[in-house]
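There are two complexes below, and they share chain A, which is joined by chain B in the first and by chain C in the second.
So, the complex of A and B:
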């Protein structure tokens, strides 16, 4: 049994006068201790996919399909049941550490309440354990920082606090939604280092949501690329990096600069992501695709396994040859 | 913090002085006097009356003596209209009444208003929300001089549950209707402010974090959302508190409660200089105190505020 088994997960939002579906039949599995990167542009549905796993969608959001965690179905679970899973089994780290901590409550109180809630320990034990965790995320002088309010900490410190908070109950799964996006580059590197060492140390599985392929390369085992609410390619990181089979994955890779290849011109993906409420007919990527042919205009490619452990949603067969992209 | 409070108190003294001087001048500028009536008073009698109240002295001397008496004797002087009473007597008689029903009205408005606002926010876009919003709109458009007779009609004349007026030393059944009549529109305002600020807070990132921590819904509200959502309400509560305990003319007149609001209006109409000044200073001092309390509460709620 996999730790997490997501099958045909869909997410929709009630909007005034209409309903909008932002995630369409996404499936993936995650084993214990593994790291999965979900990659995609803004609006590709990667964040909503992650939020719906623990039922954290906005009030007007709803999800269907199946999310099995340790064999237990999470979709449709009552809020009180979900609360036992949240933080205790599946913890979350959010994109913006500046606003994700409560500005009106001291750091220590925000940490300790997690342990009091889930482990039923005394206040003193919870505080002592929280301070130990602040030290574990390599905050200098955790005791002092614990007494502070969030606004008295820097962005990097706050994200470390968020990580400490998420790991307090030693969850089986950590979901990090663009945890490095709001931080400056030097802090980003430290943070990735920290993620790597902590998930190894605690044996935590990690879902890393990002649009930064550098993050993926350094951290993840598996990778799922999303476009316009659908998964378009899945596989191991090495497979996708060295042998991308979906034109969108290829586009992402060739639009990223590499240190080794100074002279190469970048190949950006032309156009912009489609409006989720007005998707193009056929393959949603075809207006921006260099490999398109007639079939792509009419028929939505279903995601299919073309090699053991690798799947993609594209009508093309075989390897993609980069030169064709230039035309 | 202590320094801040002392500084605010130091500023309060000149503020009150300006208030006294301006009120004094405005009253003297207004035509008429406490003793001018339909019947002309013989000149010698008038002279004696003016001498008795010190009104024959130059204006600046009257003002200085008045301020001197307040500061060193806490004496607001005799009433010009009620021969046998001083202003201190009038305040001692009317103010406790006003404080009593005003205080209850304040508690009532705050508790019900805040609770209703939270309820509407967490039931956003449901029937409960619409009902609460409907009530706030209704309560805001019905002024208390319309609400008071309706209350008396229903609870006194039809149901015969509560007395329709009088004070009876503040026995509880005499207090209920004035409190409701005074508080209802404030309940509506507080509920409206609470609802919108709570909705805003509930959509913030740190509330999502609290939910991700597996906290039960009520704990998310009480521990994480209430404090920030209360900020706009607290700044509104300062003036509301002053407005309530300084009395409402409408309530005093309609329910004959004998509160300070009634005295205030009567003394203004009767040019009772010392009574007007006395009550004005009292209200001014209370306003300053309430604003100070609001500022202190603000610093207590929001750790980013440091004075």
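So, the complex of A and C:
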């Protein structure tokens, strides 16, 4: 049994006068201690996928399909039961560390409250444990920082505090939504090292949601690429980076500039992502795809396993041979 | 190549309200002693982390902010001393592209009006028909269909909006464009489109670019020469290839190893030699070398001396008193760290 088994997960939103579906039949599994990266551009549904796993969709959002965590179905679970799972087993870290901490409450109080609430330990124990955790996320002088208010901490410190808070109950699964996007590059490097050591140390499984392929390469074991609400390719990080089989994955790779080499031209994907409310017929990627043929205009490619452990949603067969596209 | 722009000992300080009604305002030294030149036809990249003064520098060059000290020499004329009316005329040579494409477009104007807007003040001699003609040409140059001329900004995606911003900057036929984080708000696939567009336009119109970004991969991709800033000071100035292949300043070295590489095998091999700590507050910067609080090579002398810019080789400068020692002993890194 996998730690997390997501099958045909869909997410929709009630909008005035209409319903919009933003995630369409996403499936994946995650084992203990593994890191999965969900990669996609804005509007691809990567964040909503993660939010629906923990039942944190906005009020007008709803999800269906199946999310099994340790064999237990999470979709349709009552809020009180879900709260228990969320606190003790699954934790989440958000992009903006300032808005996710309460500005009126000292760091130590925000942390200790979690333990008092969920583990029922005494206030004293909770504080001691909180300070231990602040040290574990390598905050210099955790004791001192614990007494501060969030605004007295820098962005990197706040993100570490968020991580400490998420880890307090020793969750089995940590979901991080663009955790380093708002940080400077030297601080980002520190955070990525921290994530790596934490997954090793605590055996926590990690779902990392990001648009940055550089972040994925150094951190993740598996990766899932999403486009317009669907998973378009899944596999190990090495498979997707060195042998991408979906034209969109390939396009993401060829449009990412590389700090170690100065190539003359990037090969961008032409056009822009579709409006989720007005998706093109057939494969949603076909208007931007360099490999399209007749079938792509009419028929939506289902995601299928083409090699053990690797799947893609594309009508093309075999390896993609990339011809310099003169965009 | 000839020199188009020269910055001489430029400094800029902001006063910040300390909070209390009667308290003395704090001084934030955003830029100190910045000197460099830009050659006609090149792309100069300016990199640094938040608060390093890169955007302030861009704005001082364009005289959107008045520098406190130093000179901005544009083809030999000090722009700081040019009277307002005269400066307005010169603005057609100096344009800017902003980070947030949608926020920098007036939502109540059509695309045609936005792109034509600079012409009204900067080139009033053109008549309506000529203006329209030029707008069409520019829209085509940046890859927008001419039919879009009557649409409003909200109808465009981020990438298209950035194209509108570029068309607006290009329409006065500027010589220099300051690009202030022009692709940071865009998705990867769109970012690559805009980067390619900028390099095409640069060749087509013979532009000189100052490209400001926090993203070192992007800067490397577009720039001929690169200026690295840290807390308002110049850290290193060098050609792009030299900087990336053989960085001299400890900060540049650390920055480069911190950039995530989109290549799993390389990423796993690479030991990230992460800098400890974070950028100090520019209101109360460290004495001596501002980088010393995070530098593994820092000695007592670094706290006493403000490192001057030293010439490493032709066109290459670095502000570190120990760069020669560090360069001579590559193994020093490990021993000092241990």
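Before moving on, here are some points about what is shown:
One rule holds in what follows: the second predicted complex is superposed on the first by the 319 of 327 C-alpha atoms of A that agree within 3 Å, B and C clash if a C-alpha of one lies under 4 Å from a C-alpha of the other, contacts with A are read in each partner's own complex, and residues count from 1 in each chain.
Quick note on the criterion: a contact is a pair of C-beta atoms (placed from the backbone, for glycine too) under 8 Å apart; a residue touches a chain by one contact, two chains touch by 3 or more.
What you see is a predicted model; the values in this text were computed from it and never measured.
Steric overlap between chain B and chain C is absent once the structures are superposed on chain A; the two fit side by side. In the superposition on chain A, contact is made by A:103 with chain B only, not with chain C. Between chain B and chain C, an angle of 80 degrees opens at the CA centre of chain A in the superposed model, to the nearest 10. Contact with neither chain B nor chain C is seen for A:279 once the two complexes are overlaid on the shared chain.
In the superposed pair of complexes, A:117 makes contact with chain B only, with no contact to chain C. When the shared chain is aligned, chain C comes close enough to touch A:265, but chain B does not.
Contact with chain C, but none with chain B, is seen for A:237 once the two complexes are overlaid on the shared chain.
Residue by residue along chain A, chain B and chain C are tallied for touches, and C comes out ahead.
Residue contacts after overlaying the shared chain place A:91 against chain B, while chain C stays out of touching range.
Once the two complexes are laid over each other on the shared chain, residue contacts for A:57 go to neither chain B nor chain C. Between chain B and chain C, the shortest distance over C-alpha atoms in the superposed arrangement works out to 7 Å. When both complexes are aligned on chain A by C-alpha atoms, no chain A residue touches chain B in the first and chain C in the second. On chain A, the positions that touch chain B within their shared complex are 54, 56, 58-59, 79-80, 82-88, 91-92, 94, 96, 99-105, 113-114, 117-118, 149, 151, 162, 165. The part of chain A that touches chain C in the complex is made up of residues 41-42, 140, 154-157, 184-190, 192-193, 211-218, 237-238, 241-242, 251-260, 262-263, 265-270, 272-273, 288, 327.
Looking at the complex, you find that chain C touches chain A at residues 49-50, 157, 159-160, 187-193, 195-196, 199, 214-218, 220-221, 240-241, 244, 254-268, 270, 272, 274-279, 294. Those residues of chain B that touch chain A in the complex are listed here as 124, 203-206, 208-217, 219, 223-224, 227-228, 301-304.
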